[in-house]
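A, B, C and D are the chain letters, set down in written order, and residue numbers restart from 1 in every chain.
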Amino acid sequence: MSFTASYTIHLSETDAAGVVYFANVPHLCHVAYEDSLLAVGIDLKALVSARGLALPITHCAVDFFQPLFCGDRILIVLTPHTLDSSSFEVTYQIYHDPAGDRRVAQVLTRHVAIDPIQRQRLTLPPDLIHWLTQWQTSDS
Amino acid sequence: MSFTASYTIHLSETDAAGVVYFANVPHLCHVAYEDSLLAVGIDLKALVSARGLALPITHCAVDFFQPLFCGDRILIVLTPHTLDSSSFEVTYQIYHDPAGDRRVAQVLTRHVAIDPIQRQRLTLPPDLIHWLTQWQTSDS
Amino acid sequence: MSFTASYTIHLSETDAAGVVYFANVPHLCHVAYEDSLLAVGIDLKALVSARGLALPITHCAVDFFQPLFCGDRILIVLTPHTLDSSSFEVTYQIYHDPAGDRRVAQVLTRHVAIDPIQRQRLTLPPDLIHWLTQWQTSDS
Amino acid sequence: MSFTASYTIHLSETDAAGVVYFANVPHLCHVAYEDSLLAVGIDLKALVSARGLALPITHCAVDFFQPLFCGDRILIVLTPHTLDSSSFEVTYQIYHDPAGDRRVAQVLTRHVAIDPIQRQRLTLPPDLIHWLTQWQTSDS
């Protein structure tokens, strides 16, 4: 089952062109990613400040279909996929909330577990595997 | 009755010192301000893009008491006060959620209604007066 | 000849993992894009607030090769490419400054000229075509 | 002699009201603060990630006089003042560049040196005292 969350677009996410600044679309997906980690009980502060493990994003792709405005409500549907023992990717579908007939955007992020000092790959830790199992879906 | 909302601190609000970047504290208060406007039915997109009215902030003050970390949950208690026919101020008290015994920060913003072209003061519109009445409190 | 500019990484661009937040990498490329427009004399304020023309990004892709830290200096080498009469893409190569032997990241953004009300494609205006001609390169 | 630097307003600093988002004004002052530290040779990455010393902002006040638009150039004139052996404040005057006759904004930040674990005050380190001496002015 994918993780779904609803967010409101706030003023700071928009720019003088009147719509959400492009880089805030993948940013909002990262907010959903963090919320999906919190939802399975992961201690985000501990994960972020862990000295032996980092989960950098190695690739990100965004397709923008419709503009977003201040006050809009959006749904983000997040689905992670295991790639190998040290990496995974996450797809995000963004819709208006309540959902209309067209997506707002789709985003992909690819993450790899590394030792932040040596910059070498590590096996994904058990809580991340639990998170992957929780939100990984076979029905979409 | 003041407006109260709960927020989670996300990674993008922190910096490499490990805590929330200082300017994101008044930013989070503005998020609460926008949410308090939405809560009384104000159309935020229309308000922001109104060509005849702007509500710029003329003054902001922040006292920082404790650091905030990624994953922390905070409560923001927002209370507006009418200053005169064209201006108001808003005070924000930020607490850990669930509330501990010390505040995280307090913020003040002062706003004035103007014509954005002429930069001259305007009388506050009825929906803002309704908002002020809704969240203005005599009991704190 | 590509457009090249140098930037310093500031604290707000980093996060509590100690490095630049991923979405700030395409953001910094957009800063370079704006600076390349200013460099050929384009009035950025007029372009952004033009009511008859918008240049939304329709696609963005980022490959991250190395982390960036607060205080790092980077070079962004920007090269636009015309796609058709209404669209173009921009590639950005990010290096440490002074340049080391590995890239920090590469970014692609795709832009389309539209009427922001009707959401229909428009022909690129002359100043954008001048900008494309200026920084479009055949030698890389 | 105060530290003076010039910055261009970029799209991401603006919001859908067409002007710079209020919290980006103190943010831009912090950029100038970091640049003033770099200008005296301070290693910003080392300072930010130092495990024995933090320099949190305890108070910030901003007066906004004029709006800023995308593409505007601003001058920030930064002047630090020692408060006591562990704290200092910094005032920032923001002007249009080239300077017009009215300030855009003025900002004050107050900083204290602490041990980030114990949260107890520390004496300012020598490189900060050098920075204070360098930009502290008696002539304004």
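The working rule: a contact is a pair of C-beta atoms (placed from the backbone, for glycine too) under 8 Å apart; a residue touches a chain by one contact, two chains touch by 3 or more.
Just so we're on the same page, UniProt names per chain: A, B, C, D = 1,4-dihydroxy-2-naphthoyl-CoA hydrolase.
The model shown is predicted, which means the values in this text are computed figures rather than measured ones.
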Request  = Note whether the interface between chain A and chain C is symmetric in residue numbering, meaning over half of all numbers used appear on both sides, and answer same or different.
outcome  = same
Query = What chain lies farthest away from chain A once each centre is taken as the mean of the Cα atoms?
reply = D
Key: Geometric centre distance via CA averages, chain C-chain A, whole Å   = 23
Query = Per the centroid of Cα atoms for each chain, what is the distance between chain A and chain D, given in Å?
reply = 33
Request  = Indicate the whole-number Å distance between the mean C-alpha point of chain A and the mean C-alpha point of chain B.
outcome  = 27
Query = Which residues of chain C are in contact with two or more other chains?
reply = 11-12, 14-19, 21, 23, 27, 30, 45, 48-49, 69-70
Query = Where on chain D is chain C touching in the complex?
reply = 8, 10-12, 14, 18, 27, 30-31, 34-35, 38, 43-45, 48-49, 69-72
Message = Help me check something: in the complex, which residues belonging to chain A touch chain D?
response = 11-12, 14-19, 21, 23, 69-70
Request  = Would you pull the chain B residues touching chain D in the complex into a rising list?
outcome  = 15-19, 21-24, 26-27, 30, 45, 48-49, 54, 56-64, 67, 109, 116
